[in-house]
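Given below, in the form of structure tokens, are the structures.
Each of the next two complexes has chain A plus one more chain, namely chain B in the first and chain C in the second.
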Partner chain A sequence: MFRYEFMLNALYAILIITPLFGIVGTAIVNNKMAFFSDALGHSALTGIAIGALLGITNPTISMIIFGIVFALLLNRIKDLKITSKDTIISVFSSTALALGLVILSKNGNFAKFSNYLIGDILSISASEILALLGIAVLILLFWILFSNKLYAISLNPSLAKSKGINITLTENLFIVLVALIVMLSIRWVGILIINSLLILPAAASRNIAKNLRQYHLFAVIFALVSGVLGLITSYYAGIATGPTIVLIASVIFFATYAIRRKIGD
Partner chain B sequence: MKKRLLLIALIILSFSLVGCEKTQIIEDEKLNIITSFYPMYIATANIVDGVEDVTLECLASPEVGCLHDYQLTVNDMKKLEGADVFVINGGGMESFLDKAISVYPEIKIINASTDILEEHHEEHKHEEGHHHEENPHVWVSVSLYIEQIKNIVDDLKNVDPQNADKYEANAKLYIEKLTELKNEMHIKAKTFNSKNIVTFHEAFEFFAEEFDLNIVAVIEREPGTSPSAKDLVEIVDTINELEVNAIFVEPQYLKTAATTIANETKVNTYELDPVVSGTFEKDAYEKIMRKNIEVLEEALK
Partner chain C sequence: MTEKCGYCCTKIRNINVSFGKKQVLENINIHIHCGKLNVIIGENGAGKSTLLKAILGEIKHTGTILFKDREASGDKIKIGYVPQRLDIENSPATVYDVVCSYTSNLPTFLVKSKRKYEQIKEHLKEFGASELIDQKINSLSGGQLQRVMLAIATLPYPDLLILDEPISGIDRNGREQFYKTISELKENHDLAIILVSHDFDYVKKYADKVILLDKTILVKGKPEEVFASKEFIERFGEV
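Moving on, here comes the complex of A and B:
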């Protein structure tokens, strides 16, 4: 199967993306940002639409810029306590989605962009894999420097603040990073399922991990296993790769959930 | 509180006023023709060229391309509102319109593919392995496009007998030009060394038949859906086995899947245009087809 270059490329991409999603996912689940990253995924559609309006053939740049602006703005507004956080996020998410749809379906040809909804990891090229590798290095650096601070914030923000952690800066940096990874992988993973890939491995890991180290480790392993197994399964079954990966991740989630229930009894 | 209520009442009132504004339907003497999409527009534009009291409009904007999964916009419905004649390609290309058009039973529909697809299916019934799913991309074959012109002009003469002579003369002139184009293309097609090609979607079936080319694989069987890993493997293996020399992409679609296959097989990609988008020029069809045959010459020499 891996004598085909496109399968090999897809495998490399999965080996880079899925551990990143696993590790970033742990922080997203801890800091209760699942809904936030979902909104971010939806905002990609507006990013694509803006790219299309400006006549850019590869909308990744417009997606990244719009994604970062969107994420920072949303993060700022959700803390203003105008209304509950989930409402604000929902408002942002729906606005971005609707705006994207309005622009993209202007001439009745939204179908052309349907590839972005479920993604297409089989068409990734070598240079695009390099870009992913670049973002992987960035995230690893961030992780070494900030993961403890992020964890402290998720446990108790005021305590974290008293220990001299700059909450806004840490959060914003993390959010920019999430925006980057989401926008860079959306063409391969798809708008509809990108959030599942961020949340499921971390959530499954949380079911059975006994400490922070295990939590991170299991999340990365689960993400990797779902990615590789999903690719292989989709190859033999002749089905779309992205959704297959997510399905396997959800099976892992329910399995770990059952294990936890058993131990809990 | 009272102020707020008043404001809400005002807003509701203003909305209802907008609703009351009557849409004025201008009853004019002109024959308003609309066409479903680009190739039908070009065909009809040539037929009604220079005829007075005829307006011509295209429903889908010229950059839309093939109408697979097209969604009607409010603007489209507005265009339908004032139309007398609606020229469609038929064969299922405009299936999204079935419901919308039933709202306007008074519009005369001209189906350019009348009898063409049926005859075509009859002819190929005996062929083994020929799939019988209807393929609406009739206009991509020059010969069948000429048949479409004949269909349109016949129906148009019935709708507007006053201008029948003019339509007839225009069509005759256009068909002459197209016949010349066809002959030119056939002469060049005879020089092709290889006949096996891979195309992007099923648009070129009739085109390939006309020029005796052999489509061994189609990349997107369902337009807008990326091929699965299994599909890709099948295509790649077919290309390697049959020594295909060229993969043809279409300017209207993303080339990602084609690029993947091209990298895998080291076969070059070329661009073939199924004449579904471009500028509204009368000679657009000939221009695009001349370019297509040049590309084919380059790819298959």
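Moving on, here comes the complex of A and C:
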């Protein structure tokens, strides 16, 4: 199957994207940001729509710009305590999704964009893989410098602040990176399932990890295994790749959950 | 043991905090000397936690908080903070992971440094918690977690240590132990300590100064003076 270039490219992409999703997911689960990353995925549609309105030919660029602005804005607004955090995120998530759908459906054109909903990993090109490599380097660098701080904030922001950790800077850098990786990979993973790929490997790892190193290692392994197995399975079964990956990740989650129940926490 | 000086001082001057139109703290003035345990008491909603957050620089306030050390150099104050709780439900981290995340730039997710491990273990020992270092943080009892939080707040030792009602959910033995530990910290490291507490028995025994707060400072002074004041008796009865 890997004699086809598109399959080989898809494999490379999965080997880069899934470990990143595993790593980034650990902090999303720690910091209880599952809703946030879900909203970010939905905002991709608005990014595409705004790009189409402005006549930007490469929708990835408009998605990234809109995604970053949306993420920073959302992070700011959730702290204003207008209403509960999950409610305000939902409001923004639905608004962004609806706005994107309204603009894109104008003149009955939505079918053209429906690919974004479930994604198509087989359409990835060599130059796009390079862009993914770039973001991989950025994320690893960020993780080495900031993962302690991010974890400290997740346990108690006030304690983190008293230790001299710049909460706004750390959080904003993190969400910009999440926006980047989500927007760069959404065409291949799909808006509907991108969040599952962020959450499931980390959540599964949390079930059985005994320290932070295991937590990251298992998350990366689970994400990789789901990705590669999903690609191969979907190729032979003739089904969409993204959802297959997510299904395998779910199976891993339930298996680790069962292990945790058996051995006790 | 640090040399005891008694001269360095945190000066909290004219702190006012408002949430919208509602004034929560009014005209708070406190001088806190090193080597002294200062306890803030007050009813629920009196502004105790708000005052701590203002000192920590977390909420907007008017007024100033100055730290003057023995050379009067006006250095920026180093504040250690022990919160009421950590969000550790289902956390995969060990005590080492948590302490390292708060006190080191070494990427905890990647490596476990032997040197750092020994350093943290040595520091935990001061709080009788060195045997906890490899335990998962969410398996600790309330008292154990509190000792770990004290260790985090004091690595490195701050000038001013702030503790926010940390003794809820801990049995009597644990509480006695806690007050003994902070008294030792105060003596051995010459720390200035601010503690929010409701435990009047221990406050009477261990505090150097008590501050009764209700939006503003109603009474301050030695424990027996404050407990005998009419403001205190009106709110809490005789102790």
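Following the convention adopted for this analysis, the second predicted complex is superposed on the first by the 264 of 265 C-alpha atoms of A that agree within 3 Å, B and C clash if a C-alpha of one lies under 4 Å from a C-alpha of the other, contacts with A are read in each partner's own complex, and residues count from 1 in each chain.
The rule is simple: contacts are C-beta pairs under 8 Å (C-beta built on N, C-alpha and C of every residue); 3 or more make two chains touch, one makes a residue touch a chain.
Quick caveat: nothing in here was measured; it's all calculated off a predicted structure.
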| item | value |
| --- | --- |
| Three-chain arrangement built on chain A, chain B and chain C clash or fit | fit |
| Computed vertex angle (chain A) for partners chain B and chain C, CA, steps of 10° | 150 |
| Chain B versus chain C as contact partner of A:84, first or second or both or neither | neither |
| Chain B versus chain C as contact partner of A:112, first or second or both or neither | first |
| Partner chain in contact with A:240 - chain B first, chain C second, else both or neither | first |
| Partner chain in contact with A:58 - chain B first, chain C second, else both or neither | neither |
| Partner chain(s) touched by A:148 [first = chain B, second = chain C, both, neither] | second |
| Chain B versus chain C - smallest C-alpha distance in the overlay, whole Å | 20 |
| Chain A-facing residues of chain C, complex | 53, 56-58, 79-83, 85-88, 90-94, 96-98, 100-112, 136, 138-139, 149, 152-153, 162 |
| Touching residues on chain B, where the partner in the complex is chain A | 60-61, 63-65, 68-73, 76, 223-233, 236, 253-254, 256-257, 259-261, 263-264 |
| In the complex, chain A residues that touch chain B | 4-7, 10, 105-112, 114-115, 120, 122-123, 125, 231, 234-241 |
| For the chain A and chain C complex, residues of the former touching the latter | 26, 30, 143-145, 147-149, 151-152, 154-156, 158-163, 205-206, 209-216, 265 |
